[in-house]
Amino acid sequence: MLNGEKKIARPLRWAMIGGGRTSQVGYKHRTGALRDNTAFQLIAGAFDIDAERGKEFGVNIGVDENRCYPDYRTMFTEEAKREDGIEVVTIATPNGTHYEITKAALNAGLHVICEKPLFFTVEEGEEVKELAEKQGKIVGVTYGYSGNQMVLQMRAMIEQGKIGEIRVVDLQYTHGFNATDQGEKTSAAQKWRVDPKVAGPSFVLGDLSTHTYYMSELIMPEMKIKKLLCDRQSFVGTRAPLEDNAFVMMHYENGAVGRLWTSSINAGCMDGQRIRIVGTKASLEWWDSKPNQLKYEVQGEPAQTLIRAMPYMDETCNADERLGALHQEGLSEAWANIYLKFAVAIDAKNRGDEDTLKSLVYPDIDAGIQGIRWIENCVRSADNGGVWVEFETKKLVQA
Amino acid sequence: MLNGEKKIARPLRWAMIGGGRTSQVGYKHRTGALRDNTAFQLIAGAFDIDAERGKEFGVNIGVDENRCYPDYRTMFTEEAKREDGIEVVTIATPNGTHYEITKAALNAGLHVICEKPLFFTVEEGEEVKELAEKQGKIVGVTYGYSGNQMVLQMRAMIEQGKIGEIRVVDLQYTHGFNATDQGEKTSAAQKWRVDPKVAGPSFVLGDLSTHTYYMSELIMPEMKIKKLLCDRQSFVGTRAPLEDNAFVMMHYENGAVGRLWTSSINAGCMDGQRIRIVGTKASLEWWDSKPNQLKYEVQGEPAQTLIRAMPYMDETCNADERLGALHQEGLSEAWANIYLKFAVAIDAKNRGDEDTLKSLVYPDIDAGIQGIRWIENCVRSADNGGVWVEFETKKLVQA
Amino acid sequence: MLNGEKKIARPLRWAMIGGGRTSQVGYKHRTGALRDNTAFQLIAGAFDIDAERGKEFGVNIGVDENRCYPDYRTMFTEEAKREDGIEVVTIATPNGTHYEITKAALNAGLHVICEKPLFFTVEEGEEVKELAEKQGKIVGVTYGYSGNQMVLQMRAMIEQGKIGEIRVVDLQYTHGFNATDQGEKTSAAQKWRVDPKVAGPSFVLGDLSTHTYYMSELIMPEMKIKKLLCDRQSFVGTRAPLEDNAFVMMHYENGAVGRLWTSSINAGCMDGQRIRIVGTKASLEWWDSKPNQLKYEVQGEPAQTLIRAMPYMDETCNADERLGALHQEGLSEAWANIYLKFAVAIDAKNRGDEDTLKSLVYPDIDAGIQGIRWIENCVRSADNGGVWVEFETKKLVQA
Amino acid sequence: MLNGEKKIARPLRWAMIGGGRTSQVGYKHRTGALRDNTAFQLIAGAFDIDAERGKEFGVNIGVDENRCYPDYRTMFTEEAKREDGIEVVTIATPNGTHYEITKAALNAGLHVICEKPLFFTVEEGEEVKELAEKQGKIVGVTYGYSGNQMVLQMRAMIEQGKIGEIRVVDLQYTHGFNATDQGEKTSAAQKWRVDPKVAGPSFVLGDLSTHTYYMSELIMPEMKIKKLLCDRQSFVGTRAPLEDNAFVMMHYENGAVGRLWTSSINAGCMDGQRIRIVGTKASLEWWDSKPNQLKYEVQGEPAQTLIRAMPYMDETCNADERLGALHQEGLSEAWANIYLKFAVAIDAKNRGDEDTLKSLVYPDIDAGIQGIRWIENCVRSADNGGVWVEFETKKLVQA
């Protein structure tokens, strides 16, 4: 049960890069990080590529005018001069900039929290992981939905054998907001998402499905993909080679099979993500449009609907509980949960507390690299005609 | 609006082969055929492989004891001697017998209504089609769910451009009743379904997904599959080579893509079939567990739920309406709808009324052959390692 | 499990009064009675106040032209002359005619099945009950929804203590089809429903809520209403004094409380009936728009959804099972269930089988009288200003 | 669209009374007030009746140890001595203390935000309203759910005539957490809620239904209750005279009728609040368990589901939008919305900006008094035997 009481000695001194007035995701970072003011304190930022707009915005959200910087390099330099300088930075800029900024931040001695997909290639990920280790810093990745408590409930129930052995994994993250190309024409944020130079080798595979893929790993840590097949399309032709729709099929090492649908042209769909895990005895199903519920369907028994915050939920799930049953939580609590874990991880890293780091479940750099690997394997399969490919778990040269 | 008033001059003299006391599907045939007693009259039968049990059963459902036959051959012979002999016969026996019985019935001058999957090979289907044409008889196939009115509503709305051009087709027919092998051990009906000699080249692909595949053809008559890929599994190992789970991916000629999941090991799933058709503007979604509803989701507008029998439904949909809005219909009405169409088709065939035959939308022998073709292509892909195969539209030698 | 095999020695010779081409409910009677052709056989009728239209209709549904009568008196006279004359008659005419026709039928030696509300006054009901007893005949009342199996499941679970002691009863039967007065202007069936001379002392209280009230009695046979309060309105003014909306509050003898909402001006509502029974430990909730489901909510446990036909359902519920799990049933099965019970009751009465009659749960004349009593008490309360009135369980002079 | 940018010149200096570690609601106040750190800053508190525990808690949530006070009187005295002393205080203590603390706070020159139900009597409410006016201070009342944007959407749609004239109002706020008396035995917060000396004249009418009643006023500002009837029960007998279940019926001045059910013994119910407003043309329905949805049902048209944040929503609704469509909001956003309005109101009051105060829709002292009036009228009806009482809109002497 979380009520805002501190989990670490003092709030971390935090800055943002990007996430300003025109960003949709920036507010989610702040609302997650600043939930209780006991984990992070926002004291600086390079919020906008338009420096003036960024400064005005920063002041409006309570940042000292002098610590609203025109760009991240200046921020790193200037903050390094202060005794009360920033300790951790969030990177909420377009994909193509993550790699350089993360390296710069680590080299500046900062912990990093970065948007997904982390980088373009697994190689970059491995390189940055080494750097982070060398610098003794944390790199967290904001798979925001993964903070939803039902994910932990599913993980606990599967670990406890409540569904038996896993046979089928059914994943979906789709919406219809890009059914036409209007978004690209009117929104800078949508425009770069379909530009391979900025977005990387994928659109929806990276923008949407990495969330769901990461959650599936969180839920089923024992399950390993052996091979997969991806078929991707650009229904709005100007998006090619980047896909606005993709189907993936998976074979797991234990003989289970899976599939995933990701799309931004699923017209009218407002459900977002759906995760169904089918075991030999029962299934679990979660939709992010019903974030306070979990379906538990035992073959031959009445279907059960589990509700957030009830005493019958697993303690690992209820550990992240805030508002109590009947009181609906949503995406802001999911973000608050992962940001709180970032804070605990950073604090533990600073204190050299390896036990905490080992037991803490949160989207770390390995989760980020695994997301890139997911994209790489999907793209490799798709670009070879939608064929089965072994799921490469070592460094890959991008297809 | 249907209220039981006759659509044909007099009820057809009808017999059943199989469908006796131990059959689950037999009752569905009778409840469909005899709904209003103005389309069919059940006057004879060879209801059971156990002749005594079959006779007792026949008498109990009102058939003259003397017309409860020990087997179909005897029935064809004896009924042929009567002036009031049977005109049409329903075949509700295990798959492996359909081909021989259908040919015998056609040769005996009878119209045929047969369970799905129709036969084992497209070749058999084409041969029987020629025979039926020669004999001037109808062969109908009981894709029972396809009588649900929402299927016609979807067809009409797509034809009217209500969703734009089709981009994605998402089909599902899954349940969890075979999560273990208990069924095979206790039920003869389940036992033969996993025996290739009786069931043919597939289990769930034929038993379940042919329904959904046929409905997709009904809903989107303009859409043609170009190639598909099928990945099938036997999670209960004793079922191999027959599958209890399969994923299919499809490419349509217009550039649309599709997928289908069929399974009888989807533990706890009670939804049965789900059909979602995504267009450039909107989507339609139907679940057979909510047979009186249709979701219509226009991108950027409030989601709509259309309800059976309301005046805003298409006239082709409301033509099959019986109970009125608020009054829930179910699977029995779906069967009644297709059986009524079989009666109209048979009557038209008898009268040489080609116009009626051409305009009538019902599961005819072509629908039956197309179902076999679906299975053949899926199995061919699966047995070659889950690879893309061109969707053969000509006679195939089974892979 | 019902599969059409006969429950009585031979089908009863059955006729209908009313229920012709312009009737919405007539088809429901036929679809219920003739479901398996082993309980009733439709052999005569006076289907329509327009004798010609009635004859044409009768012939179209398979009745011998000579047994399509111009009126019920003629039918009773002529059929009495035949050895194979009718044995039981269904009355599906406007409310105001039920009393006279029922008496005439009983006096003609016929069993009676009558639409609800049965008559206008409890006195009439008691008189007819005496007559029926004297004549040795059954009077059944078509509370059609009450044949839904979930009603029996709720009854069994409550009897088994699955929800504890009952505290709160929440009943609803509302729709919005009379939000305007268009119905009265275009439909004869709607016009008489708001004419007190034909409809009796109520509109929606009788037309809708008697169903729900009867089901509540069926579900909770131990619960007795002590007092009630009714507040009724005529939102379309021309309907006054008959109500198109009413709220009722109830006190039961065990200290439980209840409420009921009935309305035909609940604009846009397509759910029909809802029944929620709250006990000390758990609640049961059923909606007729989801006729295959029952919600079972134990306080402090995951909510359960029970599904029709599953082995975990009570045997009294599954005794009425026809199609099997996953195969949706609807209103036609509910009607088939009560008509089958009418047949069994009539057969038992004919045979003097009191044991069967005592154990059979179906809407008999007492259920019909209790429905009239419900209306009378509600109207008495409402017409006195919406005050609490003792629930009169003896003969009442109508307020 | 809210993104955290300031709406007032600087955050208000805020303190809490109550709401400490053992309080469930205290966290909701903080999470609402501190959402973006641009409306309120928490700088002091008397968080707990146990001063030591309160201080430890205060420090843990970031309050200066020296400003964690043992009681509110000390806090008011000490803070008054500081230049940077508190300006506004939230009262999250048991009901019976609200009146004295509010007066003390106003007399100390503070704005007040107080839990509901505000006080015990309308008289107290009127007295405090006069005091607040004299002192030039705001009194806000935390009807937390009322900040849900769908409430504003309903208000806008009704004002625009989208449902026609209102006929029926159906309100519900029920749960089952007090189905037994375990709560009273284990939780101090539950114990005082059933003690009339602390809770006042009602339990669930005040604790639950005042929320729903206020929202109904917000949604339908033109609708005035003319008379009502309340029937209340204490199913757990030790709670008497305070009710754990109540039914209310209402007549509005325009001829509409309404009803409300509030209960904490509705075993297994997890839906919380439900509001349905039926008009001549259409209905609106909202459940707080689906806080991102609104049902809009036009009679004769497909039912519509409106989704939060979509462009088709009213601008007054989208003005409170934060996370964007697909991204679920919950109760924390509702609290953030009302706290932001409190801040705007306080700032306007401080600046003498009457225009802003007049146009701002938020739960002010009149809303608080109206809630007390609601309880008083319900209790007066119930305690007189569940009779109709005129809805007193002037000062009442409590019955």
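When the chains are written out, they are named A, B, C and D in that same order, and each has its own residue count from 1.
Throughout what follows, a contact is a pair of C-beta atoms (placed from the backbone, for glycine too) under 8 Å apart; a residue touches a chain by one contact, two chains touch by 3 or more.
As the structure is a prediction and not an experimental result, all values here were calculated from the model.
J.: Among all other chains, pick the one whose mean CA position is farthest from the mean CA position of subunit B.
T.: Most remote chain from subunit B, centroid-wise, comes out as D.
J.: Could you see whether A-B or B-D has the larger number of C-beta contact pairs?
T.: Looking at contacts between chains, A-B has the larger number.
J.: Give, as an integer number of Å, the spacing between the C-alpha centres of subunit C and subunit B.
T.: 35
J.: Using Cα averages as centroids, what's the distance between subunit A and subunit B in whole Å?
T.: Spacing between the chain centres: roughly 44 Å.
J.: Per the centroid of Cα atoms for each chain, what is the distance between subunit B and subunit D, given in Å?
T.: Inter-chain centre distance comes to 56 Å.
J.: Hunt down the residues of subunit C that sit against at least two other chains at once, touch-wise.
T.: Within subunit C, the residues that touch at least two other chains are 177, 270, 296, 301, 303, 307.
J.: Subunit A touches which residues of subunit B in the complex?
T.: It is residues 163-164, 167-168, 170, 176-177, 179-180, 229, 231, 233, 235, 245, 247, 249, 251, 255, 257, 259, 261, 263, 265-270, 278-283, 296-299, 301, 303, 385-388 of subunit B that touch subunit A.
J.: Any idea which subunit D residues touch subunit A in the complex?
T.: Contacts found on subunit D: 3-6, 11, 21, 24, 26-28, 30-31, 34-38, 42, 57, 60-62, 175, 177, 270, 272, 288-289, 291-292, 307, 322-333.
J.: For subunit B, which residues count as touching subunit D in their complex?
T.: Against subunit D, the touching part of subunit B is residues 296, 300-307, 310-312.
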